[in-house]
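Paired with subunit B in one complex and with subunit C in the other, subunit A is shared by the two complexes that follow.
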Partner chain A sequence: MATEKVQVVEKILDANDQVASQTQTLLTGSGVFSINIMASPGAGKTSVILKTIEKLSGKMRIGVIEGDTAPVTIDADKVMAMGMPAVQINTGGQCHLDAMMIDRALKHIDYKALDLIIVENVGNLICPAAFKIGTHANVVISSVPEGDDKPYKYTNIYRGIDVLLINKIDLLPYLDFRMDYFQQGVEILNPGLTTFKVSCKTEEGFDQWIHWLSQQVDEFKNRIHA
Partner chain B sequence: MATEKVQVVEKILDANDQVASQTQTLLTGSGVFSINIMASPGAGKTSVILKTIEKLSGKMRIGVIEGDTAPVTIDADKVMAMGMPAVQINTGGQCHLDAMMIDRALKHIDYKALDLIIVENVGNLICPAAFKIGTHANVVISSVPEGDDKPYKYTNIYRGIDVLLINKIDLLPYLDFRMDYFQQGVEILNPGLTTFKVSCKTEEGFDQWIHWLSQQVDEFKNRIHA
Partner chain C sequence: MHELAVTESILQIAEKHAHQANASKVTDIFLVIGNLSSIVDDSVVFYWEMISKGTVCEDSVIHFNRLPATLYCLVCDHTFEIPGELIPCPNCGSYQLKIQSGEEFFLESIEIER
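Coming up: the complex of A and B.
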């Protein structure tokens, strides 16, 4: 049965990657930059997204695709309360988003009218790393209360990502978090990774993240119009 | 392909539950009580285990089975440094432990000499809920920095567990965590669930958890010797 399982998993990943590639082509053709945000449960994905929307409000049109394992709309409601379009995906217990889910979600959002799509993946440091969903950049948010050993334990999620946000740095005075040890672990997996230390509460470091993200969107638009 | 996938998943779960049932019979027959600790990455599973060993040192013999997705022995090393036997399971990227992994791990530990086996599951709030591993009690650790909306988003993990530890309560003064809202969410999923609010740092609430756990072990021994 183990072989059967492996074969099915491979087939699923192949089919997934094909749809992911089609999605990326579609979004690129429509001039929409897209990012996939991955993190542990409670690392602050939704808070970072809401603060990012607030900071970029009036500067670009943003849509959000929210992934949850349960039929809740807590996060999508918060995004819509800020006047931005949001689609909620209920994975029905599946522990990650896949490319087919994003393909279906895009049918419910006027993506051609947007500059940026932010996908909030399911809170999980393991399986989201294996499933491409068609976005242009992969982001991981790590929060300091999770501890400084995470890059040593959940290695795959840090590989192949484009940017890392180290969140909740306002809590550093109350934690035994060795920033050097954490960053050394990440450096082994993803040398030279662009990293921002941020706090949604105090907004520390947020301007640098917003500057980087805006630059990515601008460069993307320049590339596709070149 | 979707049907094929579902059938394979069902076959895997059936086979898993069968092995889990055998494991539980084996451990019961050997007089060893066992618990399965599930939580997000960084909720404090290892810290709770180490503090629990420290508090019960000299009172009972404890063995630990550590689940990780990567070949690291950070946690097992910490347990062994406290003089207790530990086995490390590398799931090879799989996002949860399963019963077959526990079955194999038990071959590397002298479980008959123990009173209590603590299994540290992979850090994940989703899939561990679906896979029985043969332990006598299921424990979830939630840490307050993860936020008070977790029971509303990761519903399955709170169902069918026997005890909940709300950890890192020393950080409450620095967080916007509504304890009432969190506990109301849990109450809907698991009415009357035994819950302890703890801090590994200040040891607040730890005596109550240790008292409950010791009582479970005693009652288990009385039951099997009756």
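Coming up: the complex of A and C.
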């Protein structure tokens, strides 16, 4: 039988991107700013989130969506212990969060009562980069013990993000981490990227990050109320 | 390893377009993927055989048109291809580079029988 060619030209993850776009519209309409935190396992995602909540408590209402591949609630429990609402998503082994998971998670959190939603993605430098989840800003946390070659090997995660935190800088004296080399790689992938060097342990650099984040939330609120 | 999710998306798109074209069978799927996309072709094919069973796409063949990842050197104007990992300009050693291509990730066309 003769075959016939049908032109498609559709982005492979278009369905995911559409749900992500709907999520962003929903959150924007509700006046909630949202960020997606991506990093390798152990880079300090949860520590940064807890420290951020601590610094911003009393100033804004924050909710957290926690992504994990295993059925654990360790991270969500820590957030709730600080008096903030949290939803745990167990991806059932899947290596990333996708837009549909966030859409479902939002049904379990009173997001309209919040100023900021922080999504903690699954610890992974490859898969989360491919899936938009609808947040207003994408954040990567790189910790210095991971090594200075990460931007050269995991190029995609540094593309299309809005801010980079270089974490655990208190460990720099004990490591051979070449900051210039690391930042050179990031510069190729994402020229002029806003970057903060921080330590959850010493709190160095944290004020700058908190200032940036508060400013993003304020500017977002001003924009939607304009 | 997000190939399963990616392969499921490919199936959804192919089924949608096959249905719109009143196809009785899809024989071929043509993908365009830049070398900066972290996708393993063999894994996609492996999942494809599993998840396309019993669908209009059963027994169809996936073709990968892999496009090179190219960088442009801002210092010496040299354009060069990279294997996926970032390397400095092979001409002048500079790291002042700009990504030109390699992020393509779409389903270009399908071949069908009516």
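The rule we apply is simple: the second predicted complex is superposed on the first by the 214 of 226 C-alpha atoms of A that agree within 3 Å, B and C clash if a C-alpha of one lies under 4 Å from a C-alpha of the other, contacts with A are read in each partner's own complex, and residues count from 1 in each chain.
Throughout what follows, a residue touches a chain if its C-beta (ideal position, glycine included) is under 8 Å from a C-beta of that chain, and two chains touch if they have at least 3 such contacts.
Treat the numbers as computed from the prediction; the structure is a model and nothing was measured.
Participant: Have a look at where A:E66 lands relative to subunit B and subunit C in the superposition and call it first, second, both or neither.
Facilitator: Touch status of A:E66: no partner.
Participant: Examine A:K168 and indicate which partner it touches, taking first as subunit B and second as subunit C; both and neither are also allowed.
Facilitator: first
Participant: In the superposed arrangement, does A:S143 touch subunit B (first), subunit C (second), both or neither?
Facilitator: After superposing on A, A:S143 lies in contact with subunit B but is clear of subunit C.
Participant: Go through the superposed model and pick first if A:E120 touches only subunit B, second if only subunit C, both, or neither.
Facilitator: It touches nothing on subunit B or subunit C.
Participant: Between subunit B and subunit C, whom does A:C95 touch in the aligned arrangement: first, second, both, or neither?
Facilitator: both
Participant: Can you list the residues of subunit A that touch subunit B in one structure and subunit C in the other?
Facilitator: In subunit A, positions 1, 4-5, 8, 11-12, 15, 94-95, 126-127, 130, 152-153, 155-156 sit in both the subunit B and subunit C interfaces.
Participant: Hey, which residues of subunit B end up touching subunit A in the complex?
Facilitator: 1, 4-5, 8, 11-12, 15, 40-42, 68-70, 72, 74, 93-95, 122-127, 130, 143, 145-147, 149-150, 152-156, 168, 170-171, 174-175
Participant: Which subunit A residues qualify as touching subunit C in the complex?
Facilitator: Checking each residue of subunit A against subunit C gives 1-16, 94-96, 98, 126-127, 129-131, 151-153, 155-156, 159, 184-185, 187-189, 191.
Participant: Which stretch or stretches of subunit C touch subunit A in the complex?
Facilitator: Going through subunit C, the ones touching subunit A are 1-2, 4-6, 9-10, 12-14, 17-18, 21, 23, 27-28, 31, 36-38, 71, 84-87, 95-99, 103, 105-114.
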